[in-house]
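After this come two complexes, each holding chain A, first together with chain B and then together with chain C.
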Partner chain A sequence: MKKRGRGIGLSFYGTGYGNGFPDVSNAWVRLLKDGKIGVYVGGAEVGQGAMTAFVQIAAEALGVPHDRVLLEIEDTLTTPDSGTAAATRQTYNTGNAIKIACENFKEKLKEVAKDILNLNSTAALEVKDGEVYLEIFPQKRVSLEKIADFLGGNILEAEGSFTAQTTKLDPETGQGAPYWPYTFSACGVELEVDTITGQVDILKAVLVQDVGRAVNPHLVEGQMDGGYAMALGYALFEDLNLKRGVMGNRKFSKYLIPTSMDVTELTKIIVEDPESTAPYGAKGIGEPVMIPVTPAILNAIYDATGVRITELPITPEKLAKAFSDFEKEG
Partner chain B sequence: MIVKQAKSVEDALELLSHYGNCKIIAGGTDIIIQMNEKKVQPKVLIDISKVEELKKIEEDGDFIKIGSAVTYTDIIESSIFEGNLSGFKKACRLVGSPQIRNRGTIGGNIVNASPAADSVPPLIALGATIILESKNNIREVKVEDYFSHSETFGIREYEILTAIRFRKPKGVLTFAKLGLRKALAISRISIAALVELDKDNKVSFVRIASGSIGRYPMREHELEEFLQGKVFDDAVIDEAVKVLQGVMDVRLANRSSLPYKRRAVEAVLKEALGEVRK
Partner chain C sequence: MINIKLNVNGKDYSLEIEEDKRLIDVLREDLRFTGVKEGCSEGECGACSVIMDGRIVNSCLVMAVQANGSSIVTVEGLVKDGELDPVQRAFIEKGATQCGYCTPGFIMAARAFLNRAKDPTREEIREAISGNLCRCTGYNKIVDAIEEAYRYEKGI
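Take a look at the complex of A and B:
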């Protein structure tokens, strides 16, 4: 028999390494010969969109269009350590390091501009649109290209470093601030369960993600789609079938993941509530986008059938058995 | 390994008799995997995918003839399998993915002889025969017998399956499948039914075949005998489920898959029989 149900799942997730562990990201910013700006970070692009977010944050901080920023990442010979692309930390931590490095870089630009423009101080100097100018007398201005020319072979470079603030939990009392910041998510699903075959058909799904500020809304949506599909696989399909430590499902014909036919269209809602310690308010969402989905599915199955599932994945075979046991118990 | 491309059936049969340790390749969706897993290691592959005479779907009076190198996509896109034959189209549409359906062939699905082959139960329900050609002989074998008595009716290494043939049915052919996801799913259970009802809604003709509830796709004779002459209503279909579950209890005794399959078969059989009434 087919039964319908609805469920929600809510989560909050502390991003970064946490628990007082030193969580450091470093960034370098350098003026290039043609007046463009090089940004160097060791944060890895693993498909999450870090490269795009880093360039956007640097361009915003430097007041230049994104095509004036040249990003170099991942190469340990040419970039500083920006920590792992893990723990949902790159946008927040490395983003902060880039923003700090850009602010330091702007001060160094002003020092050089002061000399070129024959000024007594860097006060009231502004860096914007690829130029440094005097706010109180804007005719006094010099382009980054001219500054690079003026410097000749001398390198103008600034560093930025950001260390996230967390404290270790007290082993006696369990008190502390183990993470900062936290990211909040919610998911709702409406599904249909076939109590005979144990098949679950998700009819509608909505995922709501707090992001602080969406550096790139399309990328955030991409992360939400990906996290939802991954959670769907986690909840309904993906089974290593471990027996005495040996993987029974060693190939994709046995280790099933959802196909595009299985992944229902997802309604995505982005909530922007800027985080004061974050670069332009932006928090990480890599892991959080997955977390509330499975509880929502399990709650919806319970709503539809009265059966509580406590083991994942809920394959049709396991679900059919749960219904069979439930029917016998009355 | 040598790969030879055959230009005609005659050419392919000549190559087959010339070389030893040959395998025929058409779509390659099964044999390539078996070769990668070293389950088959032929010295020579004979490619029949460019043989035009094997790629035709023809209507010949009361009969329909499908060349063995016709792909699932060809069948899905053909106008021949509409109306009372749409169950065959449905079975082909539920095979693998678009990529597999574009490459995989109907002849390959039969000779690969998987118990879960999706196109086979509909062909058994249609009473289809296959044509096996060798250099000096042509045999016509029922699809049903090809699987149930393979020692006699199975393909020989010097033969090529060239076509599938069946008489256009009067009844309605339906198909239902239980897979563990919505695409790229190997059938856990499949059922094809060919049912003809008389003016009193009684079953005047029935042929039912199953996949994945036995070692090979097969006729479900007990189910057919039960349904023959009965009024085709919900109560009879409910009873039919119990008949088939009884058959499975014997056939799949001691199999770990039995508890799930005997439960789930209800949904699959009801879908297959339900579509007869649509």
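Take a look at the complex of A and C:
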């Protein structure tokens, strides 16, 4: 018999390393010969879109178009340490470090511009659209190319460093503020369970993610789609089948991950509530997008069948058995 | 050793190869078409997908001798006169790539599908790429991209 049910899952997630661990990102910003700006960070791009977000944050902070920012990442010879691409921390931590480095860089640019423009102060100097100019007398202006020319071989460079706020939990009381910031998500699914075969078909799914501010909404959606699919596999298919420490399911024919046929259309809702400590309000969402999905699926299975599932993945065999046990016990 | 002839991306090759080589080995190692990715090596993931005489195949499951005399298209063969294939353009436009490892296989599967497709539904697109696995994207943006590529080609 086919039974339909609906379920929701809600989650909050503390981003960053947490629990008092030093959570540091560093960034360097350098004026290049042609007036373009080099940004150097050790944060890794693993497909999540860190490079795009870094360039966007730098371009915003420097007031220049994206194509004037040249990003160098991951190379330990040429970039400072920006921590791991883990813990949902790169956009927030390294984004902050880049923003700070860009602000320091602008102050250094103003110092040089002051000399070139024969000014007696850097006050009221503005850096925008590849130029440094005096806001109260805009005829006084110099381009970044000219500044680079003026400097000749001398390097104009600034650093930025950001350490996330986290306190260690008291081992006695368990009190503390282990993470900052937190991000919030919600998922709702409607599904159909075949109680004979144990097959679960997701009919509709909605995922809502608080992101502080979406640096790039397209990339945020991509993360939401990916997290949803991964959680779907976690709930319904993926089983390492560990026996005495040996993985039983070592192939894609046994360790099943969702295919394009298993993943249904997903309605994605991005919630923007800027975070005051974040670069332009942007929080990380890499891990949180996955979290509320599995509880939503399990709640919907309960709603459909009355069976509470406590072991993952809920494969068809397990669900069919759980339902028949439930019926027998009444 | 054995001699085979292949046409790859429009160019003819005569090759002397070891008998136990798979098509993927010849493409990657002998001809350096490294856009063909090796994932699972057993026909489950589709990362090594190439078009062989108009059909999509897992190049890890085809022995090189079986491909003798055939025409192969890899992702490197899609660019025409410096212009990206509509499928490649749509993948970029729609953000259908994340880590990128599965991407060449998906692009080839999409290309083979669109060569025959008429007003494809999203469900048909999903079926066409169901032999390719992706861990990052959740597939939705890949389906968006293939729909978009169809629109590019039809000028709609």
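Criterion: the second predicted complex is superposed on the first by the 330 of 330 C-alpha atoms of A that agree within 3 Å, B and C clash if a C-alpha of one lies under 4 Å from a C-alpha of the other, contacts with A are read in each partner's own complex, and residues count from 1 in each chain.
Here is the rule we go by: a contact is a pair of C-beta atoms (placed from the backbone, for glycine too) under 8 Å apart; a residue touches a chain by one contact, two chains touch by 3 or more.
It should be emphasised that the depicted structure is a prediction, and the values quoted were computed from it without experimental measurement.
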First, second, both or neither for A:237, with chain B first and chain C second: first
Which partner, chain B or chain C, touches more chain A residues: C
Touched partner set for A:229, first chain B, second chain C, both or neither: second
Partner chain(s) touched by A:253 [first = chain B, second = chain C, both, neither]: both
Touching partner for A:194 - first (chain B), second (chain C), both, neither: first
First (chain B), second (chain C), both or neither touched by A:151: neither
Chain B versus chain C as contact partner of A:261, first or second or both or neither: both
Contacts of A:317 with chain B and chain C, given as first, second, both or neither: first
Touched partner set for A:70, first chain B, second chain C, both or neither: neither
Chain B/chain C common contact set on chain A: 253, 258-261
Chain A residues within the chain C interface of the complex: 46-49, 218-219, 221-222, 224-230, 251-253, 257-261, 263, 265-266
Contact set on chain B toward chain A in their complex: 97, 178, 180-186, 259-260, 263-264, 266-268
In the complex with chain A, residue positions of chain C that touch it: 40, 42, 44-45, 95, 97-100, 122, 125-127, 129-130, 132-143
Contacting residues of chain A [partner chain B, same complex]: 194, 196-199, 237, 253, 256, 258-262, 315-317, 320-321, 324
